[in-house]
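Below you'll find the structures, each written out as structure tokens.
Next come two complexes, and both contain subunit A; in the first it sits with subunit B, in the second with subunit C.
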Partner chain A sequence: MQNPFDDFRNHRTREREIPLDSIIQSRDRVMSQITKGYEKLLEEEVKELVWLVQYNTVIKAYTLAEKVVKEFEYKAEDIEEFCYELDSTDKIPYLITGPAGIYISALCNYAQEEEIILKLNDLKTQINLLGYRLPVGKKVAVEGNLGDFTGIGMEGGELVVEGNAKNYTGAGMKSGIVRISKNIGLHTGEWMMGGEIFVGGRVRGLGKIVDGKVYEDDKVIYPRNYRQSNAYY
Partner chain B sequence: MTQDHYREKIRGIHDFIKENLYFNRPDLEIKGETFNSALILSLLTGLNRGKELIIGEPGLGKTTSAEYVGSLLYRIPIGLIWGSEVSGHPEQTEEKIIGRPDLGKLNRGTEEVVWSHFAQIPVKIVDEINRLPETKQSMILDGVDRGNWEYLNEMIINEEYCLFATANYQDRGTNTIIAPMIDRFDVVVESRHPGPNIAYLVGKFNEKDRILRNSKAEKSLQKIFKSKLSYQTKLRQMEEICDGYGEFLKKKLGIETVGLQDRKAIHAKISRLELDLDANAFTRMLLAELSFCYKYGQKRSIENCEEGCHFTGYLCHDLRNCASNRLPTSIKTYSQALAWLIGDAEVGVEHIKAVMPYTLAHRMQWKEEYLSNKEKEKRDNPFQIYLAKDAVRGVFNRYGEQSEHLKNALAVGYRVFKGEDLEPVDGDHPVYFEIKKDLGMEG
Partner chain C sequence: MVPEEIIKKIWPKVRTKHLFPELPIPKVSEGRENVALEMKDKQITINTAFYDKIAHKMGVEEVVEALLDHGISHYTYCPWDFHTHLRLFREAKRVVQDKEQAKRAAGLFMDVVADTHCVKEKKTPLPELYKHIDKGKVDAVISSLYQKIWGLDLCAKEDEEVVRRLSRIPYLDKKQWDKSIQKFARVIKALLEVEEEEDRQEGNQTNPMGEHGLDGYTLEEIDQGLRNFANQNVGLKEFKETFEDFKDELKDVGYGMEGGMGRGEGTPLDADLIYYMKLAESYSIPIKKVPMEKRGFLNPHSHCPWEIGRPFQDVDVWTSFGKIMPGITQTWNKIEGSTFGERESVPDCIIIIDSSGSMTNPRKNLSYAVLGAACASDAYLRNDAKVAVYNFSDAPMGGKAILNFTAERVKIYGVLCKYFGGGTALNLNELDPLLDAAKEPDIFIITDMKITNLGKVIGYFQNINNRITAVYIGENTYALRFREAMEKKKNMSFYNVTKKEDIPKIVLGKIKEYFRGNL
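What follows is the complex of A and B.
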């Protein structure tokens, strides 16, 4: 039988480019760069798939992350998309919440936008260390729960979390504001040198705070002395 | 003579009729040019050797427009066309339409057929076809379709012919046109009211059809038709007289017409015009919507769509019947003729889009609920043509969204058909399922 598609034998495929296609392509390109950067960080930092939050490790990882994220351009919404990419383990080989948090913090700190909104309600994993070294003038607003070491080493700026955070929130922060709408865990403000932590819900325990203020439901709970460090209440 | 010369002559005929004989408003636009649909489609029918059904209110020029086009395009004096018309009425017989026995010879024991003018003339007009009873419509099916006219044991075959049939809107005296007959018409068009101002002009020129009369040529042609010569000989002799009538038209009216050889050259050129890939793919997409059924393998008028079918957004869901194989031929030939007349080197989507509603309107049988929903919508066309235009617009929008994807699917289809190990392209339209079926895969 005659080939019923004979008229199309010389047709060369040329998909019409619609604006959405180019947007998707551009997003794909950016996402690929962000992902590669993260993989590079992992190669350097997580050779044995074990990563401990130690002072030197965090600094080293952040230094590398800073270097990587400066190499490409991205937008605030790309950071949120990367969080979800991380969550789908088939696309990115390892989700290790420590380096991931450091890397996302670096992305936030070097983003062009002053305010970054991350809608992470649907994230299956809670990211640690988010807000690390958040500089003055930056605001990161997160919808959803975060893990340990939220807002550590903050240098200024404002970190707003519409949800819960775990232990060591605001640890080592020097300045800035952390607002958590719900509850936070133990060791809150450990080695905190300045800044303020506002908690809408309950604070399970305070850490060894050097300076700064912690509020629970608009009431100052540090520097007042009626709560003992690591006291459960 | 070059195609440009032919085109010039045909455009001259069109303009002459438009300016002097058939006054109406333009209602069809293609590539910036406007035409009256009834006139242009009649002209294309003549060039194409096609079949056209002209509908409309009584007295709005359905028959006369066909007569003018037939007379000027085929160089036949209008008086002979009048004398060859078949009028639809309940008492019509095969003997009046096709032919009758030569009674003198029959008395002497010889069977010989006296062919009707209608069977012999290349321009056939059936006036008020829907007044022919349904049983009598069946009599002319084969002749209408192939130009084969049989009576007793004799047959004549029209090599070159076109058919115009007119139909009034339904009243007490009309019958329905039977489905096999309606499908044989390539196009349906309405001869519209021209509006009061142009209608006033029509009234000013009472004698306008007289200018196409030529008694001498009419008598000579009638004599040939009545003679006992073979049909081929009659056609040859007829052509000589028709050429003379062409000269008469040129001298009297200053209009240049075309002879048999010219028409053959034009027809050959028209049928060689290729459809570009968009026109091709768009037509396939439309045909897929008119014939597809996911549940039952193809559209059938006896089967109903399943509740909750995925393909409710396509024409197959709103139609009762399946497209016939005559439809793609009608679309192709009329769009080719239109492209030729405009002077385009190939047939594009514009040409297809322009003629498609007229090739579809009479062939689509819509579901009752669809008709009820659409009936009261504001429109400027008869309901059938309005629905067809609306349907074509819908398919064209869908084509616009996925033209490259569909062409790609068809190109991949070509390669898979040839034996290459490729995956056919998927898509959310019946046409992609049909491509898979043609590749021997389950659609």
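What follows is the complex of A and C.
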């Protein structure tokens, strides 16, 4: 019996390549590289059963993250997309907020663009340690709330957060500017050695600041009106 | 004015291009000049005012073809059905939070998907149309997006950063639509807010390619869409929220309105009832078939060639051209006819449901007790039986709702969904009229058995011979007492449920058994 569809065997529908196809292919390739890089970092970091924000742990994780992100090219939009991929967790096996923040910071620091905008308003989890070692000349603008250790160890650059940040914001920062439009938590500027932190809302408590300035609603609250660490007011 | 000859000329070409969608030939109407086309009950209507405005900028046939390509792509690709429409809306709303903005975002997303699919897979003058169409701020951004992702010059230059972000969304990957529309809504959220503000100041602007309301769907499609949506692991709260967002439009298209003449405001659509109704509908139940009977008469059924020796009286003179010749002459094959026999009746059913404080409130969370009862009602109704409901909490104190035997789903679900949340007691005298109103009705009782007048209930059930199914939740002394007292009754079945999720399956399992017995 003849196959009634034989006549259509060689029929091809008109399907043309459109730029969208190549954009998506390239995006998928980059996202896969970023994800693999993160998994590589996690493989190392999960050896530490409990991930604590300690000087050595952070430096070790960042050194590895730096090495990984230098291996491929990506754009600012890829970083934002990666944040959402982390959040949805159906592709990436687990989100450990410490290494994730370090990795995203490394991605920002080595991105080609000088200004990076991350629209993270709809993120369910808050990213910690974002802005780590942000270099001079870079600006990272985040729409949404961030977690602990925002802008730690900043080396220059500008970190703008349209939202809240939690404890230890600007801890150990050497230089640069952190702008938080809403409120921040305790230990603000702990071991801060330079730079400025501008807060639009309330600062819940200051840390042990070595040097630098902290502003609350345009008023200097450190060093001019020095207050006790974590004093509630 | 759109010449009808152009539509008649273009329509076969467009239908072939889109692989013959089941749509009637498009119509023309006097419409607003800023809306190109509308779709109502599968009928595409091209607005002449829009056509007249654009026709001098590009070929007349091209305008019509482009508009039809757009309309048909929505029908054949995105959203395809009402369920997808609801899904996309829900995901958009998760991001933008505002109902109107979510509708607009979902509409724009569907436009981008449908148009991009059309441009990629078909030969279409759509890009040309987008070049000449008048656009608002958001539409201009979408045109710039098209320019980037289609690789064609559409004379659009808008917000590069937004366009760059939008161009990274995999529009043609259906599996990712839920995530994609979230990204899409996230990027255009700010623009939609500005547009909404401008609309408030300047009066309503509309999508130049037509709005994506519910007019395009038939009532059956809406029904199916809601059923699929309820089954897609959406909780009661989310279903209710989405349903409420479309409530006015559903009312406008006549969904949930009982037929018939008369006056009056009509019954308001209740999201809770619709949710349980749609969930219950998706549980499979046996439909009792009407038996077929042979009637003994032979009826012409099919033709076969006449051969020498076969009787002449069976020759079909009309197909034999008046000739008696082997190979040409056709005779009738006759078979015995069959007809519908008499239906064996399924008894009516009384559902006794506990809505005391220890049961889940069906209007706050998914109540499996109510869902089980809804499944039972649905099964009986589909088999042409009637259902009565006795919903009780502290019945002697007034915590009860009684519905006499009826086949009206909305009324049944309305009583099933009532929640009293008080103590637990039955007023057994009230069951008598229900038992008398039908011929040996089946009884389903769904409760946690913590009934204060349990002794009387046991005595009552011991004296009736109807088939009774008791589904009770959790093991407790009351349940044990009930079970021990009733164990010898052959007309009684007990099901102890530890997981509430099992109630609908248990109820349906029992119903299947009952129905098999009746077949």
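The criterion applied here is as follows: the second predicted complex is superposed on the first by the 216 of 233 C-alpha atoms of A that agree within 3 Å, B and C clash if a C-alpha of one lies under 4 Å from a C-alpha of the other, contacts with A are read in each partner's own complex, and residues count from 1 in each chain.
The rule we apply is simple: contacts are C-beta pairs under 8 Å (C-beta built on N, C-alpha and C of every residue); 3 or more make two chains touch, one makes a residue touch a chain.
Quick caveat, the model's predicted, so the values are computed rather than measured.
Novice: Which holds for A:Glu77: it touches subunit B only (first), subunit C only (second), both, or neither?
Specialist: Only subunit C; A:Glu77 stays clear of subunit B.
Novice: One more residue to check, A:Lys139. First (subunit B), second (subunit C), both or neither?
Specialist: Neither: A:Lys139 stays clear of subunit B and subunit C.
Novice: Which holds for A:Asp7: it touches subunit B only (first), subunit C only (second), both, or neither?
Specialist: first
Novice: Could you tell me if A:Leu20 is touching subunit B, subunit C, both of them or neither one (first, second, both, neither)?
Specialist: A:Leu20 sits against subunit C, while subunit B stays out of touch.
Novice: For A:Lys60, select first, second, both or neither according to whether it touches subunit B, subunit C, the two together, or no partner.
Specialist: It touches nothing on subunit B or subunit C.
Novice: As a test of reading the superposition: which chain, subunit B or subunit C, is in touch with more residues of subunit A?
Specialist: C
Novice: Which subunit A residues lie in the overlap of the subunit B contact set and the subunit C contact set?
Specialist: 13-16
Novice: Quick one: in the complex, what on subunit A touches subunit B?
Specialist: Going by the criterion above, the answer is residues 3-9, 11-16.
Novice: Write out the stretch or stretches of subunit B touching subunit A in their complex.
Specialist: Against subunit A, the touching part of subunit B is residues 275, 277, 280-281, 403-405, 407-408, 410-411, 413-414, 417-418, 435, 438.
Novice: Can you list the residues on subunit C that touch subunit A in the complex?
Specialist: That would be residues 94-95, 116, 119-123, 148-151, 161, 164-165, 167-168, 170-173, 179, 182-183, 186-187 of subunit C.
Novice: Help me check something: in the complex, which residues belonging to subunit A touch subunit C?
Specialist: Against subunit C, subunit A makes touches at 13-16, 18-20, 23-24, 27, 77, 81, 84, 88, 117, 119, 121-122.
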